[in-house]
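Dumping the structure here so I can ask a few things about it.
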């Protein structure tokens, strides 16, 4: 196996607050291979975004990465000085955010925001930077990109803005893109346009992609591999076909059964019982224990990551799983 | 040498005839001259007029000084004087015109270049004093000049000791010495008058060395300034009387109550004994010492000794609380009554404090002081003139050589046509006094006139129409290198300053 | 956002404020000082050696005595006396009463007036809104001094008139704040939900809209009280404030300010320091409250 | 009037226009190019909701779903057309009848936090309306609210808490209990589950279904999530830019959509059974309702648009199987042909 | 834009008329100008003459309409005291006030923005606490007391700076100002500090709040994710956003500084219009008071106009002419 683009090991990111420490990301390990698209799913607050920010060193204070290692193309990112980190951000790892209305600075023209990104990393002339920005806009399917460079974000629709954000991410042909729910705020038809573009471009530029989403459908459509997060931990991971066809962790099972398509029309849905624990008061051991119908006493101790070939899960009682 | 003066006031115009108020006079007297000039105790002396003669009761002949030149080099002639006195009546929009000073003139004639013959409408004994205070402008220059021409300096051509250079409104006026001046040669080449209205700032300016001389030094700073080496204080008791006006003419008065604060159906202040009692309750010397830091002279009449008309037998009423109590008891107010005092708070130094001190003294004397209300002068004066108060503090500065004008305006019965009682805010009225004053004003013999004035003064103050408190002492302060002639007319002028050799 | 919402706690307002103040030493200090000053003001007459308002007990013979002097009748003037022979300590405590009273009272009245008008403007919109807001603009544009002077002329001098003048210049600030808060709240779904539930307009205005506009108002109110105290002091400085026989802190400073350079510093400096402490501690506490209530900053 | 539908919209339109103010009028007098700007949020919509039915309303953001929902619930007046409640026009109702009709149609909103007044306790949030309307005697409010709370799955011991002390799903339950408290017959759910996690969403949807059975409620269910609509609705109405473009039962609509827009919507819906698929998005952005395209609003984005689509507004007409569709193409090709054409063109 | 201009014009006219009316009535209510103007030994005849020549004998409404009529012809009347056109009087002194306020403003901005940035970027640090406490102090000190203390300390005790007047004037590019001479600058320092201390506090807090509200926004994080330097983020991305509220407030404050320079000008004997106003009120020089307020209100309007235009330059989302 070739060296992974990203190799995260035992990553923990904590937020110390007045009421206690929030373990937003808790001992998370995963890898992203070359040209691989990895989906990261989980319910709200499970730590998906913070995982993404941890990789780029963008966790807002008071939060910080407390332990673990993040290796990008073999290079350790944790503990890297800001300056060195900056040469990686935007250049080799790019990120796209959830809300297209908020990611662009409203008072700077799109061109400015693109050109500065070029100039931040490459020592080129402004004209050259502008040309590259224009090309990037063209790439994501924005018509008459030259004129649009002088426009301001508010003159774009949500979908267009998200494309601009993608164009910015693509400016330096990064090796890895982290996309944090970039289509959640968009309409179905626009979402599908964005998914289409991303897929095409990832392929074209041989980029690796981490796609964060709470929508299993989107991940299914896009990803090669999927990781399921619950309460700060990855509870299950594996090839997308595999995981979705035969989920092992009860949480993944519950997640898949809760969607309307899982039951015949008009039948009651099957929600996971209970609610997610508060990040401040997670039960010891398996955090899903209280909501799990298979839980036994042993679940009060933390389950180890179970590695079975390409699949992995953290559960004492996985749903029966046989290798394909 | 140069002189920088920090002045509390600013002129409203450079046109010397525009306004008769002190701030305008201060500038005018440096650039222009009058027929007469006053000394520090308001005695009059020849200036542009060298002599005058009363030919008959309605005819006067005035001789002008020879060799006087305007700043533009042209000589002063009778025509200029006639022009100036005519002009004084017709200054457009003048808020305080000299029209009263020239009202008596029936006709003027230039006998020759330096002699003028005046005819008056009625016999006017003080005629020369009236016209003597009008500033003389150059006919040639002023004839077509507007007020703007004066302010810009174009028409500010006088005969005075200094030439007008420039005026930066709100900031300063600058003057240069007139080397062709007819009078005494001045010590200063250039004079800058800075306008610093805030008392503390003005004092600070002197202390920090920004100015050489300041006027209107607040009494409370005298002690400090005297103590600072390199600074000097120049003081004089002025002819400005601070008094408590008493609403004695009306049957009911708004701010006197019984002891519980209920209105009285009778005005106690109508009773002379009550007024005297109030006067006796006041410890004038204490007020002067404590509130004014000594900057005052207890008063019992309108003008201080030294000003014509002052009667030496009328002294400041003594502090006599026991006598006062008796007087009150006699008047039927043994238990006292309630009273509210009113005062301005920005008109003269310590005005609000004095009212409070009076309040204290009245309270000790058994009265119930319902309040002491201090207001800005603009608000206060309107209400005071509208007779809205019962007992209120005012000041009256006497700038004429005798007390006649003051008495006429303050204590004679209000009569628009006769022009008497224009500042009689309490509507005080006494027939006998009115007659005495009329007789005085018609008297040509100066000696006799003064005697009559003294008699009238004695008569009227017997009745306590107002309660005189004290005459203000006024101060200038300067650096050691200058000396200043403190004067009763409260003038601040470079002509009064000298360089100490 | 829903993941974070447990952080933006909205317990009872008072609890949040208290907790917020207690968590900042600076604000706690300010709050305690405020309380002490408030208590002093309330208990004033019990604490003072002299009734500084009673002209009969004053004696100008005692005027301008330096701190620590003895009076004729054996009283010690710890902070000296003023130009009327008033014990400065007593005068300052009474002055504090007046200043705080004027500030609080005018602040509260202005708050009520401003709130009602602001709510009306926001809820009804259109012409009523435009009219009220133009008046607000005008009020905010007119110099305080001119307004106060005009009022003084019309009404005469006195405590209530100063209060009235301060209300007049302050209500506009509240009206503007309420209006902008109400415009935001008005569009929230809970108002629409109330409409759907058939709840009457007055009830919606007072029961639903108003309580939600309150937090910024409380803060503005607090800061306005500090402002009003300062404003009253400035008015007094310009000679158009309170009756001189019942000096507020501002008036004491103004009186003493004139003798500041003549060496009698205590007449101005002590009340000045007290005023400064008062306004400063209110501001410091109010400031913290603002920080706590600003939803975009959240708690530390 | 037993057979009149519970709620019916007839040719309902809603325009939001910003009138020119005096300054703009003056400017126009001087020749400035200004006109009133009008948003046609809802444009001549007919919609029937029968008693006991769950009608789904889908469409993209800004297409007028909420506006239509509000008009149906009687809290927003119509610009044109009328809304009939049990056969009677809402605008003609007065007094007690009007209040009755208003209370009978309740609304549940998207963001559970912002629909709850943060300064009120649960007991007041739910209890206020029944109390002021006199539906329950004052002394019984707590019992009444407690019962409702229990019914929607809230612990009645929480009644004295404030909304922020609840999770998103619980807040939505409070909102539901509040609506139920005035004994409505119809509930308009405006994106009521969109903000919730899938699992919570499932709980709430189940609750809706239970309540429907228990109280015989009727729902107008607004959502942009087709899979949800498909699951719980008896009939689906698809809107595009203020107009209804297609209606039908979910089974029919999802298996054979007639309108090209509906087809695209359904096709682009991601699903977990459909992995690493290729996307074939419809081109173009959603046009602004400020100046919608002429003719068929969808024509600029439609892969099959013909010249007529630009000119003429297609009417909502039966398209077989009880479906209705507003598309010119079915006239040309026949209803079956249109969808076949659509499918072939996109593959 | 034209709509914007028209709307502003109409509103301005209404505001001006109302201001004139209120002030007219107000000054009339205060007192009788005659009492203030005439000399203390004036005779009744003189008094009558003055009343007549100033037109004070006519009923108030007539005076008001005459005034309005003349105002329409650009004549705002003549000062009772100075017998100068009020406009001349005001414009003679306006430069001094403008000089003072602008210097004060520049001072407040030049010091306030950096301090606010420092505070906001390191919230709750010792520096922040110090700056914030200082700024509250700035709010709390009554202006007159502060001015007095400045004079006490810097002029009287230390003797470093002059305390009164405007100092020597220089001229540069045809502009007369005390900014161009050393003496003039010295005179300017204390009053400018006095005037600006309050605004300085305001600017500090606005900037700080702005920074604190802007820093957590997505676009800042996105800019970081692009690898932009922190400097550029603060000085371009954040600052430009902060400028928007800052400009609004500064606009308002500049107006009020102009109007309320009264206290400073009184204390420092600065020959500006603030002092003219207070003097005119005290002397009941009604034409000056009315004209002053009309000029100030017009200035307010002009400043607001300029602010709106500046606003639309900085914030591309704002389109002039749109209501709210």
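Miscellaneous remarks
Per-chain residue numbering starts at 1, and chain names A, B, C, D and E are given in the order in which the chains are listed.
Criterion: a residue touches a chain if its C-beta (ideal position, glycine included) is under 8 Å from a C-beta of that chain, and two chains touch if they have at least 3 such contacts.
Every value quoted in this text rests on a predicted model; they were computed, and no experiment measured them.
Path length between chain B and chain C in the touching-chain graph (shortest route): 1. Between chain A and chain B, the least number of touch steps comes to 2.
More C-beta pairs touch across one of D-E and A-E than the other; that pair is A-E. Rounded to whole angstrom, the centroid-to-centroid distance between chain C and chain D, based on C-alpha atoms, equals 50 Å. Annotation: 24 Å between the Cα-based centres of chain C and chain E. Chain centres here are Cα averages; for chain B and chain E they lie 38 Å apart.
With centres defined as mean CA coordinates, chain C is found 52 Å away from chain A.
Residue numbers of chain D whose C-beta contacts span two or more other chains: 167-168. Annotation for chain A: residues touching 2 or more other chains are 44. Within chain B, contacts with two or more other chains are made by residues 200, 204, 207, 346, 376, 379, 382. Chain C contributes residues 54-56, 58-61, 63-64, 83-85, 149, 152-153, 156-157, 239-240, 243-245, 257-264 to its touches with chain B in the complex.
Across the complex, chain D meets chain E through its residues 18, 21-24, 26-27, 30, 32, 34.
On chain B, the positions that touch chain C within their shared complex are 199-200, 203-204, 207, 218, 220-221, 223-224, 286-287, 290-291, 345-346, 352-353, 355-357, 359-360, 363-364, 369, 371-376, 379, 382.
Chain E meets chain D in the complex at residues 2-4, 6-7, 10, 321, 323. Partner chain E is touched in their complex by these residues of chain B: 6, 12-13, 18-21, 92-97, 99-100, 103, 147-148, 151, 168-172, 194-198, 200-202, 204-205, 207-211, 346, 376-382, 385, 396-397, 399-400, 405-406, 409, 415-417, 419, 422-423.
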